[in-house]
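What follows is a set of structures for review.
Each of the two complexes below includes subunit A, the first together with subunit B, the second together with subunit C.
After this line comes the complex of A and B, so read on.
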């Protein structure tokens, strides 16, 4: 009798584990869509199962099985396959995990199929969604992914001369006398501000310029005030701004107020804070071939290529774009992180989304690139 | 009880009393309160450390009844000069852009309210560019002047007797003026660079100032925000087709450059 309860507990636990293993992946499925799961089928008799197997192995980082299960027509070596999923050079991808995915067939015949997959990544800068197309081939009754050859940036050994620029702050020596250590904070100015309602809530956005001759660390705060003069909410621009501004540099900023409607807002109080910081004028990142186009899902995006013109690796590039209407007014600010590191003298594509409702109004845009480099931090 | 009408901070004061018998003496002043037993008819000595703070003091002498008297302690002679100069950086050629305020204090940090003559002296390198003597009024002397025409450090001195204080104001170039670019096709694209970037007075715009290059061709638009280094800003632009390149820095626009398509 004293063994009855432990036996029941073990049996129930085993039952729940079995249910979780074989049941979870299929519970939220939709017809024609393979939903994110890490379930492996021994034999992939459908394109969905073939893709599912690959992504399950990728989630588990079971690289040997994932690579060996690729189609024989696949191009590229094992190293580049792994690097494509795990990232390199301290890029954002190398700090990310594949959390889930949703696959949808684009086209299928008896022997090959095209699948579009939304990959859901967890990253240090928040969840990121990636859309990718996969080509599957049936080989000996099993569906396998034909892995394309990946273009991996490589930089030849070279010496790139750099003229370093830096700013030193001399805080004054000797006595602590009043007025002897005054150095003015950098002069920065909000040059535009616009408040709009979006699907997620109210958004305050615009641009800030550093009018000074020294670098500035900038943060923009906004407080929404109701008709009675009471503050409804206050937020900061957080990562939707290029915080370090060199002299005469302009950055967009965006401040989100989730679940707040502007009809309840009477006034917006803006506050820009600037402090003097050590800064470097490198690396210089060019933004090439900027164009507003429609992507494969029909969304309007601003796409282009980032070009690192310096000799320093930019581990995590961050693109912030402001969009203007025909009056030159900022109507939206978008941002996006680039998964791959930007190696010296090489480029990476980027794309940021424009809300559907605003796409037709966009007449012009301005892109800045914020960058995080592991060497400097 | 007879107290002097005024006294100087940090100096002893004697208060005489009349009558006979015992009494209690109270002193109340800025940051000071003191109580002591005294004999009427004798003198009450107020020590220097009781009178270090300038301001109005009240003396009370109580036996059967209380009597009071007040006196004013003024600051001693100036022992330090506080000098505030604003701003620490200023564009060249701006009217009334530099101002300074000097405040003399005695050794006990009392503001010296009696008029004193403060000499202000501004130097660019070794050349004197401004000199003025100003009397303090209510403890403050000040000046205001224009920033000079050339960039560099402006040394600002204030002196009062053998006291002096020195500050530095960085005079910086104004916005770029006559921004001009030149460019040529290279294997990697178009290498474009500015001529030395100067303001309208001919001062070199500080290194680090961002210059924005924009190239527009059939493929779209390419932009590079490049900092000025050693007087010029340069960037590499990708534009294989016929391209128009423009340049701007702050509010200043430069010339446009038209470069033909890659052969």
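After this line comes the complex of A and C, so read on.
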């Protein structure tokens, strides 16, 4: 008994640990931004395992191990490899963490393989999904990722004159409110509204215009009302609107009502609130080469390029697009954040998704670009 | 020289007096607590927040300051109410430290008395002395701030010898005292009592059954079981009554929220930092004693129940490193955190560690005394060093006074607020400001769907819960108008892009930009959110009277009905003899 029982207990403990590593009780990932290294890790004897090991190290920001596990044929240095994952210039990617990934092979031979990975990023503005292809090579019995060279845009030194309009606000009160409450609010108007059902629930969308000669800070709220006149739900446009509107500027808006079907809705109460605020037309971001296409996953997307025409970095560009049918009615509003920063006088591609059922009805579209800049924040 | 040796041998062969052990505990932990070291721990501000509410509204457990209103009957109140009482004299923070100090001083007493069920006095005294230096204790007190867990465990350990006495000797005095102390333990922390029944009381019942069967005690096996049932029924009924508002609250709103990730549930083999935090630091030098614990625990039939209890608790403390806790606990696995099991495992190991100390001291004397002292000091020292070395340490150095001042002026408290990146300082802001928040630092009390539908905890720590955390924050911000959520205080620029795109604007900066205040223009003033979770006034009365009453009853019973003297064990027999005539217990 003196030795038998301890041996049994130790053996059971070891067995349970093994089971947790490989079996039914496999534990999910740790909370938060993972750090530290695994006490136990598996050998990259398959392309899947090689890619999993690399991405697990990227998740843990274990850069030394991740970089050392790359194929010798990889291009680029350690710094550019890290920058590819962590972003730069205060871009959305630099705020993001790789939360998960799903890989599937595209093709594989004995010595090389092509894998397509769906990367799940957690970001300050919500989850973002990326699809990326990886090339793996077998070196000495171990599968390693061949890392491609990253194109890093560089901007030559130059002076950019600022000629755009700017509105300052002189507030007489010492209050800590933003904007001005003691002057007439700017005149803004909802110029279109459309309510539709989607897979996630009801959606109210349309466009708002600032009809005034001063800038406005705008919020659109909507309440769904049933047949008895009772409010079913009230929601706001949140981030699916460009809140700061310059004079005569139009923005799309979209308000989501999750898990609500329009057949239960009798009426929609719209409410637009505007406040006079300081604003600037700078930075100006141009939208070019827009077209509706299908991506590698077969989804309909509107893609194009953003061009920063000003002299300051736009850290996080946000694209909001309204789509019209042949009657000029807004049939969908879609938005998307751009991972990389828009450097002065530089461009970045963007893409926003269109529901498959609506893609065929889209006749035209209008894109506005909202932005977050560290220097302004 | 010869004389010195003789004295040292004699001193090693006697139990250490309990009063000396308590003084050592006071000497080690007293200064750390008076320096308010736990004030920076994860949960200290949470406990002070609850205590602050009791200090102002003793008989009204409905607290409007978190989650747009929640009931404090969702957490056993004893430690908070004692802090609230003391805060009238010494202030909240020092009140917390004093209650924590009392818990820390009660712990070695409890370990000593618990250990005497299994081993003789000398080993028990070493066990008690060792418990002062446990890494797990330092972890819970100074890093996690789990006041209630420590207090409840200390009380529970003190109740178990009465349980043993009652079931083996049919001592009515022990029954009354045991039940009273158990109820006080439950009033401090219900989870400790629930798991303690299986992990601590189970082995005690088991060994009492063996003792009765082998006629080492006067009672019969059937008598042991029947008296255990009486004790169990008495405690269950008492806990049912003392914590009645808690049970009503939990029955009305069972915890259905999406599981919140916690590192103590991770597989330690897959993350070295987690392994250090939840295994190496809490166990410290005890890791070296593990082989002895297993071998010696299996060597005596009386110790096998203790060994099994330790092993099971040890396995639970490993969290997701083994699948056993998930299998046995089911859904509760995703609600519990597992560092407390490690603490309990170290407490259960202490009787065997006491035996180890006796055996090697008898053999090597002064050299081993030095080595054991170094191991003990090294263990607690490492745990204290880890407070600053731990990458997950709490952010305790933030000055939140300007935020509190902002909320308390110019009618800002007519709106609700959220902090982002404040960690446990959220509780401090809530304690001292008059405004309410939709966030809060107690997961089990949350009822707002914006929080319970996502697998994340506090909004202030949203980013650490990944997409689930940010989705929860986003859902809350989307409903800002509904809750009167106008002000957001940011201590982490990570959140600024979301606030900017969602329509909040920066209005003020504090501490040279360390904290920024953000506001949204069209938010209406906050109004009271209707809830079916508001306790009835009679529940507030019960909650304000019974938990405190059972703790006072336990104190009075300890004073009025002192322990009988325990027969001395033969010197040199570290493990309690298995012969009937040598049985005695405190």
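Simple rule for what comes next: the second predicted complex is superposed on the first by the 318 of 377 C-alpha atoms of A that agree within 3 Å, B and C clash if a C-alpha of one lies under 4 Å from a C-alpha of the other, contacts with A are read in each partner's own complex, and residues count from 1 in each chain.
Just so we're on the same page, contacts are C-beta pairs under 8 Å (C-beta built on N, C-alpha and C of every residue); 3 or more make two chains touch, one makes a residue touch a chain.
This structure is a prediction, so every number in the text was calculated from the model and none was measured.
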{"item": "Subunit B versus subunit C as contact partner of A:132, first or second or both or neither", "value": "neither"}
{"item": "Partner chain(s) touched by A:248 [first = subunit B, second = subunit C, both, neither]", "value": "first"}
{"item": "Which of subunit B and subunit C A:273 touches, first, second, both or neither", "value": "second"}
{"item": "First (subunit B), second (subunit C), both or neither touched by A:213", "value": "first"}
{"item": "Partner chain(s) touched by A:61 [first = subunit B, second = subunit C, both, neither]", "value": "neither"}
{"item": "Partner chain(s) touched by A:284 [first = subunit B, second = subunit C, both, neither]", "value": "first"}
{"item": "Subunit B versus subunit C, judged by how many residues of subunit A each one touches", "value": "C"}
{"item": "Intersection of subunit A interface sets (partners subunit B, subunit C)", "value": "177-179"}
{"item": "Subunit C contact footprint on subunit A (complex, rising order)", "value": "1-6, 9-10, 13, 16-17, 19-21, 23-40, 92, 95, 97, 99, 120, 122-127, 175-179, 217, 219, 221, 234-236, 238-239, 241, 243, 273, 275, 277, 315-316, 318, 370, 372, 377"}
{"item": "In the complex with subunit B, residue positions of subunit A that touch it", "value": "163, 165, 167, 177-180, 182-184, 209, 211-215, 246-249, 281, 284-291, 304-305, 307, 309, 366-368"}
{"item": "Subunit B residues touching subunit A - in the complex, by the definition given at the top", "value": "80, 82-89, 165, 167, 172-173, 206-211, 219-227, 229-230, 235-238, 249-250"}
{"item": "Subunit C residues within the subunit A interface of the complex", "value": "261-263, 265-275, 291, 294-295, 297-299, 304, 307, 311, 315, 318-324, 326-327, 391-392, 406, 410, 463-467, 470-471, 474, 477-482, 493-498, 500-503, 505-508, 517, 519-522"}
